[in-house]
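What follows is a single structure, written as structure tokens, with notes after it.
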Amino acid sequence: MKGEEAIRILITGGTIDKEYDPLTGELIFAKSHLSNILIQVRCKVRSVLDEVMLKDSLQMRSEDREEILKKCVDCLENRIIVTHGTDTMVETGRVLGSNVKGKTIVLVGAMIPYAFGASDALFNLGCAFAAVQALRQGVYITMNGKIFPWDNVIKNKESGEFEKLKE
Amino acid sequence: MKGEEAIRILITGGTIDKEYDPLTGELIFAKSHLSNILIQVRCKVRSVLDEVMLKDSLQMRSEDREEILKKCVDCLENRIIVTHGTDTMVETGRVLGSNVKGKTIVLVGAMIPYAFGASDALFNLGCAFAAVQALRQGVYITMNGKIFPWDNVIKNKESGEFEKLKE
Amino acid sequence: MKGEEAIRILITGGTIDKEYDPLTGELIFAKSHLSNILIQVRCKVRSVLDEVMLKDSLQMRSEDREEILKKCVDCLENRIIVTHGTDTMVETGRVLGSNVKGKTIVLVGAMIPYAFGASDALFNLGCAFAAVQALRQGVYITMNGKIFPWDNVIKNKESGEFEKLKE
Amino acid sequence: MKGEEAIRILITGGTIDKEYDPLTGELIFAKSHLSNILIQVRCKVRSVLDEVMLKDSLQMRSEDREEILKKCVDCLENRIIVTHGTDTMVETGRVLGSNVKGKTIVLVGAMIPYAFGASDALFNLGCAFAAVQALRQGVYITMNGKIFPWDNVIKNKESGEFEKLKE
């Protein structure tokens, strides 16, 4: 547990950062809410916010995952949080888990946008912050209050919940 | 990391559970929000909610801390979250840290009530859920996104932030 | 101003009642929030909630407007609030304004769903409640804090604001 | 209904503008939320915000009511909203109602602060905006979705609701 090292937060989009566009009535990405969130929740962990992209994870292609991977490998920090859409979070986890060594990486997202009422975003982010500081090297997903290693997790499309692949 | 064991949540009060009484204009405890919170944030970790008391931590006396300690020792669970007022959280942490062996206990609270806008409660709780699952035996405080061992933390009364006692 | 007569609230859908579906990531109608809203805001005006439909107003056809018109004519109440999507609110206002005599009718909606943060729904509804009690017979729209007679209002599609058609 | 004239908003404090001080755990006045509120709710009525004081209405003395009265008489606007604590709103209404002629004045407040969840503030303010535009000269209170003339209203201390003094 090394709380003093900075944590890099790679922002890639996903539901957590979506908001409502009153003119079109659609959900859009305007700008990331992460810096405002960290102020609201009084987070005092030294963090480097790095907006890589703002994408619905269903729109992500292999180039996007390569870019996230490159960021994880190249950055100086050894502890990294990746905010990400839930639909393909497991897939990106697999790319990172298979290729990054010697770092602790936690992927996290939300089922309800931060900007809406009754969101799970702040809780999930809290899980990610503690997990990335407490866990040893490896790639993890924190959703539904649980911590999953990248190679033992699926998103159940019926329930919208993350589950172990096997016991 | 044993996500499958139930986590006991000892509710003791504190700012996190305070709400506004429109008739008196004062902040009161009506009932704990914890069960509603866990539904809102889609937490799927098996949890046992246990309301020990609903007190402002400035009102807690040594009997209260003894009661919390007894609960921690007697309960079957090895992973325990204690929701607690921030003003004497460090003091209760000391009682638990000096007396409980073989369990992982995380104390957590909030600077702004959950029932208000712009609260830090959900983020802090998320930190506590991940910390209690990821950390080895011991007593910890999670506030401001950080994880502190019970014997190296103070609350800075000026800033309202939790800090290391010594480097 | 006859506060004691009941007000009929015809619910027809619109942004005010939309919510986020975490499974599909889309905005949907689940059930109307009106009864919860009236409890939250401590409204003590005698009201009859009447859910006519839950539609995006872009999907409304002339049969829908006929149904709303029939409800306005047939109901016993002389003071009626119609919650409605903003995109064709002016059109429904025209149908009601041309055909209902002897009643005070106020159409109202929201640019941001009630269920989201930073919504205009509660303010707009407050405007509608006061307007329907204070105004003499006629059909009106209350949006942006303003009160418009049905035959002198347009929605500016660029700004999303309601404006007078002519001075 | 003259929507084009500016409305003067006299801010005097009250629950609507209270917020939580995380350092002391008490409810305080920091600064008025009115300008932020009017942006959030997309209010486009021309308004002049005038912060007269920020007081709990139980602390108001006759000098304070005289100051509010003077503001109402002296200002150029003929339509005035006064935000006010609910405990002595009726008393201030009496001072204004007995002394101001030729203007429409609406007093309004909230039982739950705007800054908290589940507040009645936005709804009440919406009522005030519509009432001040729609009503003829006189002094009124809008609370609980109702409109009361200043000389026929009391606050029921048991229920926290505003009621007619006599039928």
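For clarity, chains are labelled A, B, C and D in written order, and residue numbers in each chain start from 1.
One rule holds for everything that comes next: contacts are C-beta pairs under 8 Å (C-beta built on N, C-alpha and C of every residue); 3 or more make two chains touch, one makes a residue touch a chain.
What you see is a predicted model, and the numbers here were worked out from it, not measured in a lab.
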item: Chain-contact steps, minimal, separating chain C from chain A; value: 1
item: Chain whose Cα centroid lies at the greatest distance from that of chain A; value: D
item: Intercentroid distance (Cα basis), chain B paired with chain A, Å; value: 25
item: Where chain B and chain D are represented by their mean Cα positions, the distance between them in whole Å; value: 39
item: Rounded Å distance, chain B centre to chain C centre (Cα mean); value: 44
item: Shared-contact residues (touching 2 or more other chains) in chain D; value: 111, 118, 160
item: Each pair of chains that touches, named by its two labels; value: A-B, A-C, B-D, C-D
item: Contact footprint of chain D on chain B as seen in their complex; value: 15, 20, 22-23, 25-27, 56, 111-113, 115-118, 157, 160
item: Chain D contact footprint on chain C (complex, rising order); value: 1, 3, 37-38, 40-45, 111, 118-120, 122-131, 133-135, 142, 144-147, 160-161
